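Note that chain A is present in both complexes that follow, paired respectively with chain B and with chain C.
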Partner chain A sequence: MTVPTADTERRPFGDIALPYALVAPAVLVALAIAVIPLLYALWLSFQDWYLLRNPQPVWGGLVNFQALFADAALWRAFWRTWIWTIGTVAVEVALALPLALLLNRDTTIARMASALILLPWVMPFIVLGYGWRFLLDSEVGALHSVFQFFGLAGNSSILNDPNLALAIIIFISGWKGMPFMVLALLAALKSIPGELYEAAAIDGASPWQRFTTITLPAIQNTMLIIGLVLGILAFYSFDLPWIMTRGGPQDATTVLGISMYKAVFTDLRPAYAAAISVVMLAILAVASFLSLKLRRRQ
Partner chain B sequence: MNEESRLRGIVLDVVTIAVLALVLLPIIWVFIASIRPDADIMTRSLIPARITFDHFANIFARADFLVALRNSLIVGAIVAICTVLIAIPAAYSLSRFTYLGRDFIGFLILATQMLPAVAVLVPIVVIIRSLGMANTLTALTFTHLALGLPIAVWMLKGYIDAVPRELEEASIIDGSSQIGAMFRITLPLIRPAVVAVGTFAFVLSWGEFILALALITSAEVKTLPLALQTLFDPYSFSWGVVMAGGVVIAAPTIVLFLLFRNQLVGGLTAGGIKG
Partner chain C sequence: MSDIKVTNLRKNFGAVEVLKDINLDIRSGEFVIFVGPSGCGKSTLLRCISGLERISGGALEIGGRVVNNVPASKRGIAMVFQSYALYPHMSVRENMAYSMKLRRAPKTEIEVRVADAARKLQLAPYLDRYPRELSGGQRQRVAIGRAIVRDPQVFLFDEPLSNLDAALRVATRLEIARLKESLPQTTMVYVTHDQVEAMTLADRIVVLNAGRVEQVGTPEELYERPQSLFVAGFIGSPKMNLLKAEDGTTTGIRPEDINLGSGPHRGKVAYVEYLGADSYAFLDIGQDELLTVRQTRSETPQVGDVVSYDYPVERVHRFDAQGMRVN
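For the complex of A and B:
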């Protein structure tokens, strides 16, 4: 925290107010779009508000949280969200690590590829979602015929199979987030001094030994921190599973974001949805706290 | 040895191109499907035998798609302009002044970046509905401000930090006010970053889905991502048309990304890692 300088009193009011005035609009936006909605969600989560029964919210105490803990479908969505989150991050690391190692060279091709690899990250979910639906479509999808060839898919798209739908959408989610991990790993790889590898080569270390003793220790912190950031994003997924399958088939791809959305728009229970988002925020807060702690330790 | 390492470099370059093509194949496929006749799409082959622009002609002849295109352009442009107008003074304030609460304000702005839209979706929808502003572009525009503003503030702060104070001080000695110095000295120097930040805000708003889905239901205020959904007419839809719609949404994103690659990469890492 900054301490006002000793001559504060002697400065005219205009000078003191100026920096606050300049930053005020940005603060107002942050208050209106983040702080106030969060406080409102907290208040709403203690209301009893089922639009079909009472049009106005009334105080309900813990009624939503009680309902939430008794909601078997929500518990399934909760555990599914963990599978989704961990799976997404695992795919991101599995795709990004070999790509980053491959792109960590100083050639024109590698530089161009490092830029183009970001496309899945920058392209909107709606385009990629429909693109993948097209690839997996049972009538026109190229990928569908590949899966059919290997016996993974029958005559209908694997998006209609509960287990495979979740697996493939987790993969797509990881594919979409992978470029961010590549970007971070490339930065970490570039900061490793080349002399380390030369010294190891002189000592007769094999490429694998060089990878495990030099490369991996140098990038594992980056991998962990970016993995946590991407994990938080994955935990709050909505767009991709919604666009691909609307949470189906048979709720197989219903993650918490979709449960929450359906609670407002299908079941007309905004207070219940607010309670879900409060619980999700509490989980996010714990995860962020842990990630900050990990970062301090490095 | 030298010959060998050069050969190795060429092999790795070839591998790089092959792997890149594989990773981007789903995106490439969207583009190819958008320019081939529906009959050819059924063949599932990668190489287009015939090329057609019928799908694009088709969507640009649809009134609902054109309305959505206009809405997306309006919302995106206003979001970009407002983001820049709000972010420049905020970044300048955080960079050039020391005052009580500055660090907290900086943290508050950055924290909104870390907050996913899904986390505030329910309260925002309830608030906007109770204000009677559901189905308005005004409400959508306002919520879209949160998408790019925090990154914009922090990116611009970094650029302003890099401009030496002495330049402004010289201008102040010559008789201009601090704000005057900001406009005449600092702003022209950081202009490329300002353009990049505005572009970034536009692109984020252009492709945004969940807030639009939650706030907009009537056809005349739909944005492009919602209009793409309506192209999915269950009785008669053509994959070619849907993919052409996807290309229309993706194209500005890709073009602007390639133009402002370096700044955006900086923004991505700043937004994701800091805080």
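For the complex of A and C:
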């Protein structure tokens, strides 16, 4: 056996520095847009900073976190955010599963439709938010007349109804997230060998039994993992409910993202908003950890 | 009774006619093997019998009953797939019990049948494992076990050994032969492109070519008296030597029927393949193709040698210009 002598030779500085130089831009950008704001928010959450009282932040310790746990409106927003998150994912699955099963065919129409189905996903929130507001408008909205016909909406838009506003925005949120789920499920469906269905047909399984014993077990992990990812996305939603209803009527659509925004720009309490974001981050960290564990198990 | 009768069967995929006017009688308890080159329709014919493909014309009877419109699960058949097609989310036990569970068989009966099949196939230690935890050969046995549990009249195999390595293929081939012996009443139809499987397992072989039946016969009949040029060239390894004459007729002679050393014909050894027990010598005799000669290892000539050869005239196969046998 020969002993390598390379250890004793010195490599030129350029050789050593090149890899660092190549990753430096990415590291700098990540520091600037992710790490530094995160640290700033952490620091800010421990300050006492009410802009009307003191223009500069002063150390406040846990004052924001104490206030946060005592804030009844925030607790309501917290539970509403869970309804929002779970509801969004439920709508996503409910819309995506039948669509994916329909599109899982090798026909021209299915291939074209698979591309078209991406539309809601790529459409900016501002565009579809205003689009849906227009559809639901009490004066000109096409959907409003339909809801009115079925007695769901009165003379004013459904978005002004505290009970129905959250439901309809949850549906829109799920509808927007659905294409991602459809594509993931399609990929999972395409990986199921056709011979399994043939074997099941010979074994005498009905179409429903084939679905429950072959299709569902094969896609359930994908459904769970993508559901978690989409749930995380939904948890910190701000744009859609803000565009549609500004968190109203009567806070009926105020989710944590909107509470946080209002804490800074309406109540002028940036440190309090930072504390909310830190708590949300902790919750999301747990959720992400769970999703990573699940993925590894898969 | 589990005989299979195929009458004027046709199968089209769109405008393409994959099977043309197939007629076949498979007796109850017979082991029949479909062979042919890729795309000849052998797998399609098997799938038509199974009910996974609907036939476009003709009639298909199993056990005296026309099953043209009977779904696969009601035909009394079981099928072993090339990819095994085991349900990945079920244990070996659940895989084997699935068909019985679907027809709501009593629990005790299911257990007895699964245990029986597992014992027959040495699968008992693996009943609680999942397919991904098994080797290729074990998966193949589970697939066979799943079929046995159904107690079918007709057993269909679609290239069941082609995903196994060479050693395992030989072992599993023997197991299938033993399985056939233990199920004398069960008709077995088997698709393969491997001649050795066909020659060793089959009671009768059906040679398919371009969607038609070329010849049906015992392995010996096909080898000794091929009825067409196609069968002559397809059955046997190395291939039969086929020498074309000016008038379009062809003379065929098997490599092992040629004797080197003396005789009226001469050729130059172009190269030699050494296989251990015997060797193949390839002679240049002035034709387009080289003449293959099978020799025992002690008689192997050297490359470049010019050798004389002869063959007994009763071993010669003659075909007319249409490729049909004449002698």
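Just a few scattered comments:
The rule is short, and it goes like this: the second predicted complex is superposed on the first by the 288 of 298 C-alpha atoms of A that agree within 3 Å, B and C clash if a C-alpha of one lies under 4 Å from a C-alpha of the other, contacts with A are read in each partner's own complex, and residues count from 1 in each chain.
By definition in this document, a contact is a pair of C-beta atoms (placed from the backbone, for glycine too) under 8 Å apart; a residue touches a chain by one contact, two chains touch by 3 or more.
Not measured: the values here are computed from a predicted model.
Model built by superposing both complexes on chain A: chain B and chain C fit together without a clash.
By the touch criterion defined above, A:A205 lies against chain C but remains apart from chain B after alignment on the C-alpha atoms of chain A. When the two complexes are overlaid on their common chain A, residue A:A110 makes contact with chain B while staying clear of chain C. In the superposition on chain A, A:Y50 makes contact with neither chain B nor chain C.
Legend: residue contacts after superposition of the two complexes on their common chain; A:F65 is shown touching neither chain B nor chain C. In the superposition on chain A, A:F171 makes contact with neither chain B nor chain C. More residues of chain A are in touch with B than with the other of chain B and chain C.
After overlaying the two complexes on the shared chain, residue contacts for A:I214 are found with chain C alone; chain B is out of touch. The least CA distance from chain B to chain C in the superposed model is 5 Å.
No residue of chain A is contacted both by chain B in one complex and by chain C in the other. Partner chain A is touched in their complex by these residues of chain B: 9, 12-13, 15-17, 19-20, 23-24, 26-27, 29-30, 33, 41-42, 44-46, 85-87, 89-90, 92-94, 96-105, 108-109, 111-112, 114-127, 142-143, 145-146, 149-150, 153, 178-179, 203, 206-210, 213-214, 225, 228-229, 239, 242-243, 246-247, 249-250, 253-254, 257-258, 261, 264-265, 268-269, 272-273. Looking at the complex, you find that chain C touches chain A at residues 50-52, 71-74, 77-79, 81-83, 85, 87-90, 98-99, 102-103, 146, 150.
Across the interface of their complex, chain B is touched by residues 1-5, 16, 18-20, 22-23, 25-27, 29-30, 32-38, 40-41, 44, 95, 99, 102-103, 105, 107, 109-110, 113, 115-128, 130-132, 134-135, 137, 139-142, 145, 175, 178, 180, 183-184, 187, 225-226, 229, 232-233, 236-239, 242-243, 257, 260-261, 264-265, 270, 273-274, 276-277, 280-281, 284, 288 of chain A. Across the complex, chain A meets chain C through its residues 193, 195-196, 198-205, 209, 213-214, 217-218.
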